[in-house]
Each structure stands twice: as structure tokens, then as C-alpha cells.
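Labels run A, B, C and D following the written order; every chain starts at residue 1.
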Amino acid sequence: MINKTVSTVSEALEGVQNGMTLMLGGFGLCGIPEKAIAELVRLQVTDLTCISNNAGVDTFGLGLLLQQKQVKKMIASYVGENAEFERQMLSGEMEVELIPQGTLAERARAAQAGFPAFYTPAGYGTEVAEGKEVREFNGKMHVLEQAFDADFAFIKAWKGDEAGNLIFKGTARNFNPNMCGAAKITVVEVEELVSAGSLDPNQIHVPGIFVQRIFEGKDYEKRIEQRTVRSKT
Amino acid sequence: MALDKNGIAQRIAQELKDGYYVNLGIGIPTLVANYIPKDIAVEFQSENGVLGMGPFPFEGEEDADIINAGKQTITTLKGASFFDSATSFAMIRGKHVDLTILGAMEVSQTGDIANWKIPGKMVKGMGGAMDLVASAENIIVAMMHTNRSGVSKLLKKCSLPLTGVGCVKKIITELAVMDIGPTGFILRETAPGVSIDEIIKATAGDLHIAEDVHVMSF
Amino acid sequence: MINKTVSTVSEALEGVQNGMTLMLGGFGLCGIPEKAIAELVRLQVTDLTCISNNAGVDTFGLGLLLQQKQVKKMIASYVGENAEFERQMLSGEMEVELIPQGTLAERARAAQAGFPAFYTPAGYGTEVAEGKEVREFNGKMHVLEQAFDADFAFIKAWKGDEAGNLIFKGTARNFNPNMCGAAKITVVEVEELVSAGSLDPNQIHVPGIFVQRIFEGKDYEKRIEQRTVRSKT
Amino acid sequence: MALDKNGIAQRIAQELKDGYYVNLGIGIPTLVANYIPKDIAVEFQSENGVLGMGPFPFEGEEDADIINAGKQTITTLKGASFFDSATSFAMIRGKHVDLTILGAMEVSQTGDIANWKIPGKMVKGMGGAMDLVASAENIIVAMMHTNRSGVSKLLKKCSLPLTGVGCVKKIITELAVMDIGPTGFILRETAPGVSIDEIIKATAGDLHIAEDVHVMSF
């Protein structure tokens, strides 16, 4: 068994530098790498390009990096929940590339799986296709999209073992599995780190081969963005 | 009288068929889940990675790890599953989702849709909408017929940046049910108490009146 | 819950006709749809195009269809275990298209996921690339490969529920998950069919949306091709 | 004296590094697993969908659902995982597998490899070999230096249909360890008791003798 554990978040983020391209898992505030983001804030690295479906809210998630003006460019599909984001985008302080959500997922998966490019129908005839090759297959137009090329991927899983095998919970899974192995170094934080052999090999969501470093985080906040409930009566 | 949002949702629910997997957008589409006919089985997919969505959780039972694409806490029903984003869009792009219901800022008479960007204003992003409209065989737009200033949202040609081209099949508004025909919108149904003239006035694109046009029934 | 259960294998194979293109899961004899193959033999459908990693052995798996001369064309990556296969191929009775194993998996996944085509490095500079578009990305040559287009996919899973959700066991998983939803109709046979709600939604390998019909098979033979063991002493 | 198959496997095992994920082909490469240095951790991947392969099962404990790519019954070690074929080749194509060891019928001095087809004879197919050789950064060919008729398998140019182009980095045979250099094979190590002349004679392609050529040590 190849052991991927590191003991601290700073060890996990060793090598992160200004100007790097980072991928971050999560959908909204669900399944985001809270500990890695906190460490990025502490490290004060700047000029980052962040690939993430959303940009957090003003006071949590990627919003924390935006507050510190650490992000040079954001690649996302939806960024509607963040006032500081809006300010930086409209003022031109931050570059923003908006791409379709399925394309974002697949550009990550392509990087993970060693495909340089693929054709998707999403975005044909829109701004998203501008400057890109378009091509007809089976009577339908498609856009050629490229794999991402990132330095680090920051992933949040529910459980993980020493070998880097991961299990996610509920919709906190989202982009996390697709981003594992999609960057040069994949750093995973888990709520519970267990010994190799304690997870059923049949029930691993992401095999450890896609992971370089894994550590256990404590006291996850897991903030809820839209608390919607029914009354019991 | 024009329908309210719940009325639109209720009319859209009539489009659901037994065995349909359905993706509901944010806003009016979300309300459709409240009006599923009792005698059919449908499952709701949310593109953030869940199939078999149920109602909101009871107070105190909400789980930060179980949300829908609107970031709302949800529950799941028997037979539900969770999956990653690439698999979620495989369901959408691979046409396994049978029906997509989403809102729009503008729809053109050739089925183009614009719903993600207003130049010069804050852009929130397209989320999964571009994948959904480019892939689904069956797209229903749920929206108000005109914007707050009374300007028609059913146009010859969209003025806003497009989300997708020639993809909308049906539009259901507070005034009418319309299909996209070869040369313009086709008026199929009118809301109870709404005249055809009223709908013509509210529609900037070419509008053909179907021979069998009739009042919506609920 | 949308119920996908059918009660018999003949109901499951309703609509299979001469000349159709079929995908079949399995690697060697591991994880093959035994019951569907037996029914294809019984139905005596002919002129089939079969997409499967292997072609079985003479007396089991796809070999049973070959014995009956039901296969017009075989698309596979490795066919070395089958004498009747060799005879039909060398005599020209059967057309054979050999493709790289990873390309086979991904052409299935592309069909499942709605991608018409993708670029892969596998096969560049070989017979496999003949007549196909090749293209350089990041200094490396790639071959453009297309999604499969099949009528039926026959899948074998370990457990499944009424909603069509599937769980596989061990390496019997192989191509099965990638072929689900990759054909017009996906037919799944399982060793154990359970009621909806009995499987953990977090641990589903294939969500039911990719499955049209599911049934429970009895008395699986699960033949072993190469029994390799250690002695306990 | 030339090495036997186990000797070749033993020499190849010296190429394993701590933390390597390794894919072993059928034949000699399979034997490499028997000679892993004690002080390093490696994991074996088999392209049919398992990572963390262990030894063959004890008699009576074999499971038809747990095999390797050679269709042999196997076991798994702590930290193992099972996955589908697309994920398996994502590991290979995405360069997550660090080392591929496979057999060959022919290797050219530019690193081309032929190992899947002999025209006019039964063709078994390439299996995963084309994906492996097209993707791996680090490919070692394990084979006999000559075929049964004594004809060299190390050529200027392959005569058989190719499996991959310019991909082989190192060849280990019963006679020698060779790298692929810019203008031909480079002889790095000789098997104990095998002369350089013997190796030159058995090599049809251009063979350069490394300055520091030495005898393999075990």
C-alpha cells in the first residue's frame, strides 16, 4: 500500500505558489475544501487562477480568497452569490471566464483521464463557442473543448483511507471526484481518515492512485446556503 | 385572467408523462414538483448530483451535504442516487433526462433561448443551462410573457446573449401555451379569461393561431 | 420511483431483431450477461454486430452465439480464447474489428454521456488509426474516435433495485457501467433484485436512469477462465 | 550465461521505485511481482479494473468475480479498489500509472513496439496494450532477445504491425539492459557471463555501447 497521508494542512499545501492554477471541488458551499481554502488565505498566495463551479459567498468558501484579492482569474459556471466577486469583476480587477457546468465537469474529467479535447453540444451558437472550433456530428453542431491544466486540485471527501481511496457523502460529491488526478498534485481533506483496509474495495468512489496527499480536517463548518425546510405540523 | 406562477407550474405539470426523468430549473419550474399527477411516476434530477429528489426536509433534519442545484436543502425518495458532476451531465447530454423545464429572459420564434446574461449588468453565469438546452430533446420554457416593463419576451430574434440555439420546443406563460413552429410561435392554449388578442399584443414574434386553439383546462 | 423491473428474460429482450448492434458487458467470462446470451441463443437472432471486450470461449459466453453463427461482426479488443472465433474470422465468415481496450471503454462512455467523438493517443501510428483523423495536441498525436451506436446493451450486475440502480462486485464491474445507457435500450440482469430504498443512494455504481429493464437471473454459472491458486501449505 | 524468465523479471524489479503504480503485462512481466524490493511500496494495477492486486488466492478461495487482465483468479491487498474500465484507462491514459512492463514481438531502435498481430496468423487483439504504450511515460519491454529461430527482435524498424510509435524507453532481455537513444539502442548492462559481442550479434538494430556498460547485479 502506498501511503498518501500528510499530518497537517500546511504540509498538504506545500509547493503552492503565486500565479498557480488551482481546481477546487464543491457546488455552492457544499463539499468545498474548507481547510485548504483557509490555508490558502493564511499563505497569502496571490495571482491565482481558480477553477471551481462557484465562487463561494462573501464570507465563506472562495469568497474568503476574493476578500484578500488573491484571485487573478476565476473559471466557473455560476457566480451569483457574491457581492465582492461582482465588484471585482465589474471593476476589471479580476478576470472571469464563465463556462457551462457540464463542460467544466468534463474538462476536469478529460484532464484526469488523459483526453486532450472532446466535442460537446453545450454552448454552440453562444459566446462560449467564440474562437473555438465547431463541428457537425450526426447532424448536430458541437464545440471542441480542451482539458484543464492545473497545478493543484483541492478536494473535500467524507471518508478516506491512508492509500488515498475516497468516499463522498450525498451531493457533497459533485465535482470532487472529477477533479481528482486532474491537476499535477491532488490534495484531499476528509472528515474521517481511516486505515487502509477499512473501506470496502467495491465501494470506493475515487481510487487512491488519483490522490497525492490526504489529511483529516477537524470541525467542518459545512455552511448551508439556502436552508429550506418543511414544518412538521 | 392571467395565471399566477403556481398556475403556470400547474399547467406545465400536465406535460409530465409516466416514467419521465425531469430536470427543473430555478424559479417557476421548481414549483412544478407540487403538481405531479397522482397516477404517474416521475423522478427529479438535479444537476449537482442527485436523482430522486423529494420535498424539503423537516425542520431540524436538513443536511448541508444534501442540496439541489438551487443550493436548497432537500431530501431524497426511495430509489434515489447520488453521483458526480460528470455523471450528472452524462445523464443530461446523453438524453437520459426526458424533460427540462427552465426559465428564460427571452425566447425567439426559432427556439433560441437567452437566460444567462444581461450585458453591462452583473452576470451570474449559465450554470448548467447551456448543457441542458443543447442536449435535451424536450425543453419547456416557463416564464412570464412580458418583462416588468411590459415588453414581450417572445421575440423574432433574441436581443440578449444566447444560451442555446433552436432548442426550445414549448413555452408556457401566464397567458398561453405555445409551440415553436416552422415559421413562428404557434398558440395552442389560452389561459382562462385571456383573449387571443391580448396574447397577440404581448407577443413580439410571429404568432400563428392553431386551428384547435382552446382554453387551458386544469 | 420509476419501476424498471421485468419478470422474465424474454420480456427483457423484447424487440431484439436480426441485424441489430448489441453491446455486452464483461471481461473474459467475468461479469458477462449469461442469461441474456442464453436468450439470444434461444431466439436464434442472426446477423448481429456484437461489441464486447472479448468473444467468450467455445462453450461459454459469446462463444455460444458464435457456435450458432449468429454474429456477423465482432468489435472487441482481445479474442484469443476461442477456436470457433478463429475459424470464422480466418474463413471470412465473420467480420472482426479489433480496437484498443481503453478506446472501447470510452466509445461506450461517450455514447452514454452524449459525446459524439473524442481524441485519444491510443493507436496513433498503427492500423487502428487508418482512415481516421489524427491531430496534435500538446505536442502529441491523437486519433479521433467516435461514440458507439448500439440498439441494445446487455449488462450483468451483482445487485440492483426496482428503480434500476446497480451495484457491481469486484472486477465483474469492468465495461458494464460504461455500457449502461450507451445503447437505445439497456437490459440489466442481476444476481439479486431488491426493492427500491434498500440500496444506499451513496453507494450506487450506476443510477437507474441509465437502465430501461432489469430482472433477476437464477443460478449463475460464473465460469472461471484461468483458475490460479496457491497451496495453503 | 543468459538469464531465464525469472532472471529477467528479477532484473526488471530493480526498476521499481517507492510509490510506483505499475501495470504488468502477461508473461514475463507477471513474474516481476515476485521480486519487489522489500523496502519499497508499489501497487499493481490491472486494466480490467483493480488496483492493489495481491497474490493468487489459496485453493478453494478463488472468486470468479475477482480476476486480473490475464483472466487469472487473484486476491487484493489492503487499500485495494475496484472500478470500471473507463476509470481504469483514465488511470493509464492520464499517466497515473507510473510504469508499464509488457512483452513484445519486436522493438525498433526508435522505440516502436509490435506485440499484437502477425499477419496471416490468428490475431488475438491488442487488448489494452495500445492504450498502455500510447500513454505511459515509462515503458519497459520484457522479452527474449531473439525469437525461437534465433532472429533478433531488436530491429532498425519493426516488420510487424505496430502497437505504438516511439514509446519504448527501456528493454530488458535474457542478455541485456538497453535504453532507446537518439540513434539506436544503447547497451547499459550485460547479463552475467554474456559477452558484448554476443549481444551485438543478437541485435539487428544499431547498438551503441554505453561508456559505463557493466554486468547486471542482483
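As a working rule, a contact is a pair of C-beta atoms (placed from the backbone, for glycine too) under 8 Å apart; a residue touches a chain by one contact, two chains touch by 3 or more.
Please read these numbers as outputs of a predicted model, since none were measured by experiment.
Where touching is counted per the definition, the chains common to chain A and chain D are C.
Farthest chain from chain A, judged by C-alpha centroids: D.
Inter-chain centre distance (chain C to chain D, centres taken as mean C-alpha positions): 28 Å.
Rounded to a whole number, the gap between the C-alpha centres of chain B and chain D is 55 angstrom.
Centre-to-centre separation between chain B and chain C, using Cα means, comes to 36 Å. Shared interface positions of chain C, i.e. residues touching 2 or more other chains, are given as 106, 109, 113-115, 120-121, 168-170, 201-202.
Among the residues of chain B, those in touch with two or more other chains are 50, 82-83, 86, 89, 92-93, 135. Viewed as a contact network, the protein chains fit none of the simple shapes, being neither a path, a ring, a star nor fully connected. Looking at which chains touch one another, you get A-B, A-C, A-D, B-C, C-D. Interface residues of chain A, counted against chain B in their complex, comprise 27-31, 53, 76-81, 86, 89-90, 96, 98-106, 108-109, 120-128, 158, 168-178, 205, 222-232. Of all the residues in chain A, the ones that touch chain C in their complex are 106, 113-121, 137-138, 140, 142, 146, 167-170, 201-203.
Listed in rising order, the residues of chain D touching chain A in the complex are 19, 21, 41-43, 45, 50-52, 76-83, 86-87, 89-97, 135.
Remark: chain C residues 1-3, 109, 111-115, 161-163, 165, 181, 195-197, 201-202, 204, 207-210 touch chain B in the complex. Only residues 46-50, 55-74, 82-86, 88-89, 92-93, 112, 117, 122-131, 134-135, 161-166 of chain B touch chain A when the two sit together in their complex.
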